[in-house]
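In what comes next, chain A is part of two complexes: it sits with chain B in the first one and with chain C in the second one.
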Partner chain A sequence: MVTVREAGLVGCTRCGRVHHMGASACDRCGAPLSSRDETSLQRVWAWWWAGLIAYIPANLYPMLLTSTLVSNTESTIVGGAVELFLHGDVGVALIVLVASVVIPIAKFMAIAFLAVSLNKRHIMGEHAQHRLFSVVEFIGRWSMIDVFVVAILASLVRFSVVATINPGIAAVSFALSVAFTMQAALSFDPRIIWDDEK
Partner chain B sequence: MTETPPEMEIQPPRPAWWQRISVVWLVPVIALLVALGIAWNSYAGRGTLIEITFQNASGLEAGQTTLRYRDVTIGVVEKVGFAPDLRNVVASVRVANDVAEYIDAEAQFWVVRPEVSVRGISGLDTVLSGAYIAGLWDNTSSGAQYAFTGLEVPPLMSGSDMGGLSITLRLRDGNQISAGAPIIHKGIEVGSVGEPRLAPDGDMVLIDAVIDAPYDRMITSNTRFWDASGFDIRFGAGGVELDVRSLASLIQGGINFDNIISGGDPVDPGQEYDVFADETAARSSIFTSTAVDQMLPLSVVFDGSVAGLTTGAAVNYRGLTVGTVTDLGAVVEGEGDDRRVRLLANLEIGTGQLGLGEDVSIDAARDFIAKLVAEDHLRARLATASLFTGSLMVELVEVPDAPEAELDMSGEPFPLLPTTGAAITEFQTTAQGVIDRIGGLPIEGLMQSAIGALNSVQQLAGNPETQRVPTEAANLLSAARALVESDEVSGIVADLRETTAGLSSLTRQIEQGQTVANLMSAIDRANRALEGAADVPQITGQLRELAEKANRMEVDQLAASAESLLRSADALIDSPEARQVPGALAGALREVDAMLGELREGGAVGNVNSALAAAESAATDIGNAAQGLPDLAARASRVLDQAGTTVAGYGSDSRFNVELVTVLRSLQEAADALTTLARTIQRNPNSIILGR
Partner chain C sequence: MEEFAGVPLDELRACPHCDALHRLPGHIRSRAKAVCGRCGSVLIAPRNGAFTRIIALAATALILMVAALFSPFLDLTAAGMHSNASILDAAMAFSQGIMLPLSLAVGAFIIVIPVLRLLLILYTLVPLVAGRPAAARAPIAFSLAEALKPWSMAEIFVIGVAVALVKVAGLATVTPGPAFWAFGALVFVTVLQDSFMDKEQIWAAIDAGRVR
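Up next, the complex of A and B:
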């Protein structure tokens, strides 16, 4: 199998038109052309780190600030899930836990694994890597489920003194973290996976 | 032809590593910085951790309970744990840094919980939000501190900037005062008291109190406090006076104060004041040293009854209350047959009220009393405290002539004070006597007699014979009427008329008087005889005797007897018997009539006539004798001189003449009496029957 690069060609990632190697911009849509994005890995790591950094306060700080008539509750992501679990809402607790903890962490690990194992074929084959990348890219948007919950609750539950829900710092952090990891996934140039294929 | 050389493959120089670095790296850097900033911020802003120790953690919740200073939340309880020995609860509170530096050693913390009391509801906001910890400290920092002991009850001054004066009140007992009770001055609440607590020696109850600014200026060294709890009932000339203060003071108690006399000095915070039982005591306390002085216990044994003496009765000394009766009981004294029950009263005498001052020890006070007993003959006695209720009090009096006695230090349970006779007011004893006398009246016997009498009356009334009485009375009346109307009674009148007529004719006879004529003729004859006999002094003497006899004749007695007879008859007629026997009266009248008839028909008058006739015959005899004795005449002539003088003796005022006039007057009186009788009967015939 011959790659486009080996054929001396470069494809526009935006409109798909194939150019000769050396063309610096797509003559159809004007997008810059590059056979391989050299900064891809760099940007992956940069977004990855940003996501990770944002993920820490997202877990330490409260996600929801619930003020009811009798109490003020601040719940972190994990704390909220545990509370739900203790209340018996195992399903909801699992959803929250999966969406807010398992998936983001799995994403971090997956992206880092991809980035590390790019040229190390003995760890994972190209196809497996590609499949993993697809999964990460697909699943990334669902990580926002927790942020959606917070946003919906915060906008719906506004009954003055009786009950009010406000997003905490963690909500912003988590949203940023998800955004950063998505960006990290987007920054990944999957063409690199196939470069060292014999 | 220039052949364009083939385009050179220009390999751009490999960019330097910094040129190869993606700008995306800025994102994690910024994220890191932001995260670090947030972390730093939250670390720096999390405040100072202080630990407050409470006895229990009621209402405290980690992460929930806030710490408030003047109702501004300045911290949150981070953890509620235990002290190492589990004896207390330790609340760890994260306090804002800018406040923490003011939380120094003087800071006070207490838990505010909802409280419903008679004074209102407080902490209502905590019902929903939960309890919170309130803190109080001043605005000067004297070194931050991190461990505190919380108060179980709110401190009095909840706002330190309100100023105010904190004082300590001393009470004999604290059962009427509860925490938060108001301090009242002229009806205005000017402060409040805290939780009562026992003094270290257990004798007093101490209460911290705060007088709020600006009223704290009222508190001086002359201020007196008194208990205003509950209500006052005063009996006085104006009637009953009921004084109820606020509901709060009724339930929670209250303390009043006033400056009894002006011009006191300002006091320092923490000044101790005694709380008097009432306003009167507080006002009079200016003269005594203190309200809460030491109490000297004494015992008194009374003979007789102590009825009316109660626990709490006053002990008076010269009219001043110096103590109270604490308890009463009976003790058995003596041995064997001498055993007797006596009544023991325990007294408490305030040393301050005695004027000994506050600092005098109990022993010194006892010695003082012992000295009074021994030297001034101080004795205890019962006295009337109230005339109306009969309640008694114990009076300490000095009885100069009392027998020697001394304070019996060995008395049980307390030194025994000697007694003297009770001074129960005489009013009471007198009244008692009256009541006793009334009680002693044989009212029951009286009632029995009355009942018996009434029964008799009833029986009498019920008796058929009694019921016949009216009938008989009617019969009697009709009989009386018949009697009055009867011919017999009419006959009485007729008889009376006859009697009167008889009397009248008798009188007429007397008046017309042959008797008098006879007498005159007799006298004439005597005169002639005297003339005939020259010397008749003896005759004259006899004649004088005769005249005297005639004078002594009981005609007037007869008249008097007749009068008394009539009076008797009158009385007789007046008597009921006379009325009952009109028939007898008629008979008697008939007899009188007959008697009068006899009298008329010649009895008495005839006898008089015959007597006079005899006198006449005697005089005739004397005349005959004189005529028959001429020598007598000669002799008489010889004594003519004497006779002359004798005749001269018969002058107008001669004795004979006087006596003769007297006789005639008596006769006249007798006649007058009969005339009066006759006239009376004539004018008022029924007076004989009716007696008037």
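Up next, the complex of A and C:
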């Protein structure tokens, strides 16, 4: 397989058109051209750290504030799942736990793993890395589901003094964390994965 | 390397995922796919009459969005008490105090960005289907529509509604209103529309329809 770079050319990552190496912008779609995005990994790490830092308050502060006639409860992400579990809703508790704890952490690990193990072929082959990257890229945005659930619950459960749900500040940091990790995945130049294949 | 010697650049394509160099196949049947021989990514997947269908589906999606925004969304009943929320209410759930930016982001993810993408796609494709030259800013419009794709989260919102309904199911009765069904249909139409979108086909049409 000949790569565009080996042929002395540069490919547009937006529309696929091929240009001579010296071209700076694609003449079909206008995208800036670069044979490899040299700053890709720096940006991946910057967004990765931003996402990880935002993920900490997302777990420490409450996601939902529930007030009823008799009580006021603040629940964090994990606390909410534990509550559901104690309540007997094991299935829902597991879904919440997987969606808001397991997947985000797996995503952080997968991006870091890709960035560290890039071109270290004894750890992982190109095809496996390519697939892992596709999964991370695909799944990233779905974490936003938690923020939407909070939005729907808070806008729907409004029985004045009897029962009200309000959003907690953790929703903001959770949303930021998801957006930052999406940016981390989007900053990745997957062409680098294949550079040492021979 | 020799196989590409002397081939005009116009007839070559790069895989955006792995940088493999390909020769543009002459003609690809409708519903057939050109797949990268190195990484397996789908590069070209044309469909007959794709543009007309995309335009029809985008127009449908816009109408459904308007219907979803201006009709009742969810109604909650518990112990004789009523509460209801529209889609805008859900977007504005974080509007108190310092969480306001999150409300704007949620509104963008579920309403503004999906609508903007539909408009950009219509702006790009309508002149091409009508046989007129491509719109002056078609390359920018279509690039923006593609860049916004990951941030258009209407389908995630629909699954979020389902999860929220499961959460309150034990405590209250939820009645979905017309907006709920309209929004669900909108997601279905959008997924269908995306299945007709072939980047190579659209970029080639923009390029061919450009006034030089």
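In the analysis below, the second predicted complex is superposed on the first by the 198 of 198 C-alpha atoms of A that agree within 3 Å, B and C clash if a C-alpha of one lies under 4 Å from a C-alpha of the other, contacts with A are read in each partner's own complex, and residues count from 1 in each chain.
Heads up, the rule we're going with is that a residue touches a chain if its C-beta (ideal position, glycine included) is under 8 Å from a C-beta of that chain, and two chains touch if they have at least 3 such contacts.
A quick note: this is a predicted structure, and the numbers were derived from the prediction, not measured.
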When the two structures are superposed on chain A, do chain B and chain C clash or fit side by side? fit
Of the partners chain B and chain C, which touch A:69 in the superposed model: first, second, both, neither? first
Touch test for A:57: chain B only (first), chain C only (second), both, or neither? first
Touching A:92, do we find chain B (first), chain C (second), both, or neither? second
Let me test your reading of the model: by the given contact rule, A:169 touches which partner, first (chain B), second (chain C), both or neither? both
If we overlay the two complexes on their shared chain A, which of chain B and chain C does A:39 touch? Say first, second, both or neither. first
Arrangement angle, chain B at one end, chain C at the other, chain A at the vertex (C-alpha, nearest 10°): 100
Based on the superposed arrangement, let me know which partner A:49 touches: chain B (first), chain C (second), both, or neither? first
Residues of chain A touched by chain B versus by chain C: which partner has the larger set? C
Please work out how little space separates the C-alpha atoms of chain B and chain C at their nearest point after superposition, in whole Å. 12
Please report the chain A residues shared by its interface with chain B and its interface with chain C. 169
Contact residues on chain A for chain C in the complex? 1-7, 9-20, 28-31, 35, 89, 92, 95, 126-127, 130, 140-142, 144-159, 162-163, 166-167, 169, 171-172, 175, 179, 182, 186, 190-191, 193-195, 197
Which stretch or stretches of chain A touch chain B in the complex? 38-39, 42-43, 46-50, 52-54, 56-57, 61, 69-72, 74, 169, 173, 176, 180, 183, 187
For the complex, which residues does chain B have touching chain A? 20-22, 24-28, 30-32, 35, 38-39, 42, 63-64, 128-130
Interface residues, chain C side, partner chain A - complex: 1, 3-4, 9, 12-21, 37-40, 43, 74, 76, 78, 81, 83-85, 89-94, 96, 98-99, 101-102, 105-106, 109-110, 139-140, 142-143, 146, 150-151, 153, 156-157, 159-161, 163-164, 166-168, 170, 172, 174, 199-200, 203, 206-207
